[in-house]
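Dropping the structures in below, format is structure tokens.
Shared chain: subunit A. Partners: subunit B in the first complex, subunit C in the second.
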Partner chain A sequence: MNVRSQVAMVFHLDKCIGCHTCSIACKNIWTDRKGAEYMWWNNVETKPGTGYPTAWEDQEKYNGGWEAQNGDLRLKSTSKTKTVFNIFHHPHVPTMDDYYEPWTYDYQHLFNAPEGADQPTARPLSMVTGELINIKAGPNWDDDLGGSPVYAENDPNLKGLDAAQREQLSAIERLVFFYFPRICNHCLNPACVASCPSGALYKRGEDGIVLLDQNRCRGWRSCVAACPYKKTFFNWFTGKSEKCILCFPRLETGQAPACFHSCVGRIRYLGVLLYDAERLERVAKLPLEELIEAQRSMILDPFDPEVIAAARANGIHDSVIASAQKSPVYKFVKVWKIALPPHIEFRTLPMLFYVPPMAPVMARKENGSVHNISEDLFHDIDDARVPMKFLANLFGGGHEGKVRYALRKQKAVRWYRRSLTVGDVDAETADRMLHEADCTREEAEAIYRLTSLCTFDERFVIPPMHREEAIEMMADPLEHKQNVGFGFLTGPRRGL
Partner chain B sequence: MKEPVGRRKRIGICCGVLLAAACRAWGQEPADFFRENCTSCHTIGGGRLTGPDLKGVQDRKEREWLVRFLSNPQAMLDSGDPYAQKLQQEARGVVMPAISGMNRNRAESLLNLIAAESKLEKSQFIGLQITDRPFTSAEIAQGKTVFLGIQHLVKGGPSCVSCHTARDLGGLGGGKLGPDLTLVFERLEGRKQLAAWLTAPPGPTMSPIFKRHALQSEEILPLVAFLEDEAKKGGEDQSAAPLTFLLLGLGGAAFSLVMFDSAWKARFRAVRKPLVLSSTHRGEE
Partner chain C sequence: MNEATHYLDQLLFVGLPYVAFFTFFLVTIQRYRSQKFTYSSLSSQFLENQQHFWGLVPFHYGILTVVGGHIVAFLIPRELLLWNSQPLRLYVLEVSALIFGLLSVVGLGAALVRRLTVSKVKRVTSTVDWILYVLLLLQLLSGVGVAMFHPWGSSWFAASATPYLWSLLKLNPETGYVSSMPSLVQWHIVNAYVLIGFFPFTRLVHILVAPNPYLWRRPQVVRWYRPPQGA
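Right after this comes the complex of A and B.
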């Protein structure tokens, strides 16, 4: 057992209202710079939709992530040999058009325009060239199903849906969508780190945050191509790549990352997970249908004395272990099993998990009256407007089982609470549903509390970062002791 | 912490290197110097090449004049010296070049060497005695292989074709850095001069290379045979080489573009634009 700690995340999609506050908070802090205008380390997508960059989930086009072949794990976009031939021009990097050309407006024109018959307008200016442009696309161009005949209909997650299901998705009165906020997943098996020819990317030992060393980066852009989530970006001004840093300067000072902190729907949870790094390579190669369960099994029980001892032996501080025991992420992912990794088929083992959405309403209209109880209590999970297959493509690696389990449990909790507060569901039905959904009253109560009544400190259980200890992994703090002192890193060229 | 190499020490090392170089120059035998710098135009007792035979030169002109001439031939000419002008006429206008590394001491030692060699019955600088008989076609053919570098030069020098061209070499011809050698036999006026040139090529480009990788007599003979044959056939290389070169270049560029395209066939092109195009044209069919 090789116990490591990782700051992991849960996004509760049932609570996301798609307000983009997270994106703006992130942009204001980190990417409001020249060369970074087009970057959205955090973005919110509408599903069905193609997202940002356009159709990023289609790895037949983007070639991101890993593939398991003959018991071997290979990057799709590059290899040691391919790096030699593609070093000066990577063939799988998205074009600017697939992100969008960032723009601002020529506001001065409102004041300086010569007098004329028409109102002057603020015309869009490219933030790359400074020229006037016609805006063709934006980072949330397909927001709320905007332009859905182009974008929503081409969502890669519609693969495997039959024509009737596809038609239903866009039929009037059945129209449905939900939101899918995304940041870097800080994966356990990051493709970006593996692909970098300069070794500029690394996964921080103490908390698993994936970072990109700006001094080492040579701008080869392998990471941009390799990340299947397209969450590393090339800064055209500095000539280096950048990515989400999970606001580590905020985490180190005990604050939640900006996008978490600002989340209006309070959909975001953050906490430490302990995992067994020894099993990593074996797990990443497993057949698709076993992947979710295997990743879950890598996450260790922070109450298990054996795990605690192994964690201590690996230099994980007691306070971090204590934090892991309070982690909301551990509960959602491992205890309740209702949070699932996005696109596990990319085999990067993401450490950001999603609670699949219950949208829309669970009632069903029959002969003009609304029915919400039938013999099969969970019928509407499969009859929901969002086809199960679609959610399975997103969160189940194409397999519906885990997604159905998560949705059934969520529905059972709702009905249990309804029996308590509204009273239109009798306790017996509620208990039967809990039982069928593999849930107990206590668990349902806990899920309810952490979903609906969670406080700031319950959502964000930030471990003490112990930088003073973490730094010892990279450098000896006593390196310069009894050396030259007084701020000299290299000795002066005089004296003895 | 101290500097690994002090300034004083560094200066010492520099001086040492310079001194060593100087010693080497001084230590070079006058005979070696003569072989490297003089033999392409002069012999001692082997008859006239471009320059006069130097046998007994010390009897033809006083020593002081010879030393001055050696030090700077062009200056002597410019001063209007009648004997120097006579020499130039005899050499059909060729002026003896100033030899690098020439100075008074060296000139003295060279003159001593020439005097000593002149007394010998057969000087070592009699020059390559090349035959007068017509060359065989085998020799000409061998010359071509030497020229083309198919037969490597014994001392490891670069083959002629890397800088020079001649007629009918095939392919794209030879290099364009040096002059076309088709008519070099005529320009140097004969076997003897050409052979002498090849023994110690004096040009500023060739001499530094062939000083250390001299051509051997068994290479010079076939080369002379080949070049004589070239000159006798007449006419410089007037083939359509530039056009062939251009066409080959264009063809090669097109070919490599096609190769690149097929090697990177699966490259990322665009996603959004084709998506938008396909849906805007959907209703038109």
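Right after this comes the complex of A and C.
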């Protein structure tokens, strides 16, 4: 057993209201810079939809992630030999057109326009060339199903859905969508790290945050092609790649990352997981249907004395172990099993998990009038508006079992709470449903509390990062006397 | 030989190379130490993908082969002359050198056209880049010119340029080898020195950080505050 600690995350999709506050918080802090205007380290997509960059989930187009072949795990986009030959022109790098060309408006014209018969307008200007541009698409062009025929209907997750299921999603009276906020998953088996010719990308040993060393990046762009979630970005101005840093400077001072902190729907949870790094390679190669379970099995029980001993032996602080014991992520993922990894088939073993959304059907429109379809609450999970198959493509690696389990449990919790507060469900039914959903009253209560009543400190259990142990603390302070500090001190620019 | 040419030769074939190499080493090392961030290929593939392929791929394959050829001739001249002692082998070498030379010219031309016509790419092209393009173009064109008008370069390079370069390296410069060379060849040599001196100020430094450790490192990279005791 090789125990490591990882700061992991859960996004509860049932709570996301699609307000984009998270994206704006992130943009204002990190990517409001030249060359980074088009980057959204945090973005919120409408599902069904093609997302950002367009159709990122379609790996036939982008060749991101890993594939397991004859007991071997290899990157789809590159290999050691291919790197030598493709270094001059990477065949799988997306271009700015796959994202969008960032723009601003010619606001000055509103003030400076000569007097005329018409109101002056502020025309869009490209933030790359400064020239006037004709905007054709933006990062959230398909928000709330805008332009469905172009976007929603081309969602890669619709693969394998039959006509009736597609109909279920898009018939106008039953139109359904949900939000899918995305940041870097800080994966256990990151494709970006493995692909970098310069070794600039790395996983921090103590917390598993995946970072990109700006001083070591040479702009070979391999990571952009390799990340199946398209969460490494190429800065067109500095000629370096960049990615979400999970606000590590905030985490190190005990604050939640900006997107977590600002989340209006309070959908975000953060906490430590202890995992067994020894099993990593074997797990990443397993057949698709075993992946979710196997990834879960890598996550270790922070209360198990053996695990604790092994963690200590690996230099993991007692304070971090204690933090892991309080981790909301551990509960959602491992104990309750209602949070699932996105697109496990990419085999990067993401450390951001999603609680799949419920979309109950309460009524149906027939012959121009609306009928309740059942007397009681949300009946059948498989009858929900979002087809199970669609959710399974997103969160189950194409297999419905784990998704159905998560949804049934959530449903049972609602019935149970209903029986307590509203009383239109009798206790017996509630108990039966809990039982069928593999849940107890205590567990249901705990899920309810952490979902609905959770405080800031319950959502974000931030481990002490122990920066005092970092190598720079070993540096002689006198050596830096009268300096402006140490670390990255020059501003980013292009070339010398 | 009159006095003026003598001094000019001293300047171009002795003074210039020493200045160029001195600048090269001094600035690349100092830049790497204090401005590591600026070491990048500054790729613009993200802004334009198709023309990029037709420019950059032929250019790189062409130039790497040709430069490789120069290095071989510099390091193992005797073996090269031996190889060339059979006419057929000489022809093969000369023709392939010319082909790769032409490939690099075509590639550089395509890349230049791309820089000039794609507005996004033009935007990220600095003055230094433009100067570099001119120098590279002159270098490649003069090189191809030499290959066409002064053939059998693979032999005479080994016989005259190599000893001249070694004499520079041994700090005992002998300009006799180069002063009698055709002016196109001289021009090629002088431009090469200018390029070498200019090199550390340009994006060319990316050659020095070409990613070799990748070929033998493990796929995942982990950095610790301090190396852990257990792992």
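By our rule, the second predicted complex is superposed on the first by the 449 of 496 C-alpha atoms of A that agree within 3 Å, B and C clash if a C-alpha of one lies under 4 Å from a C-alpha of the other, contacts with A are read in each partner's own complex, and residues count from 1 in each chain.
What we mean here is this: a contact is a pair of C-beta atoms (placed from the backbone, for glycine too) under 8 Å apart; a residue touches a chain by one contact, two chains touch by 3 or more.
As the structure is a prediction and not an experimental result, all values here were calculated from the model.
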Consider subunit A as the common anchor and indicate whether subunit B and subunit C clash or fit when overlaid. clash
I'd like to know which partner A:314 touches here: subunit B for first, subunit C for second, both or neither. second
Determine, under the contact definition given at the top, whether A:258 touches first (subunit B), second (subunit C), both, or neither. neither
Give one of first, second, both or neither to describe whether A:10 is in contact with subunit B, with subunit C, with both, or with none. neither
Check the residue A:193 against both partner chains and state whether it touches subunit B (first), subunit C (second), both, or neither. second
A:145 in the overlay: touching subunit B, subunit C, both, or neither? Say first, second, both or neither. neither
Between subunit B (first) and subunit C (second), which does A:137 come into contact with in this model arrangement: first, second, both, or neither? first
For A:58 in the superposed arrangement: first (subunit B), second (subunit C), both or neither? first
Of the two partners subunit B and subunit C, more of subunit A gets touched by chain C
Touching A:95 in the superposition: subunit B (first), subunit C (second), both, neither? both
Tell me which region of subunit B runs into subunit C after superposition, given the options 26-34, 170-178 or 188-196. 170-178
Residues of subunit A that sit at the subunit B interface in one complex and at the subunit C interface in the other, please. 93-95, 493
Going by the contact rule at the top, pick out the subunit B residues touching subunit A in the complex. 1, 3, 263-264, 266-273, 275-276, 279-280, 282
Contact footprint of subunit B on subunit A as seen in their complex: 50, 53-55, 58, 61-63, 85, 91-95, 97-98, 137, 149-151, 153-154, 225, 491, 493
Touching subunit C in the complex: which residues of subunit A? 2, 80, 83-84, 87-90, 93-96, 101, 126, 128-131, 189-190, 193-194, 196-199, 201-206, 214-221, 224, 234, 236-240, 277, 313-315, 466-467, 469-471, 488, 490, 492-496
Residues of subunit C defined as touching subunit A within the complex: 31, 35-49, 52-53, 56-57, 59-61, 119-120, 122-124, 126, 128-129, 201-203, 206, 209-211, 213-215, 217, 219-226, 228-231
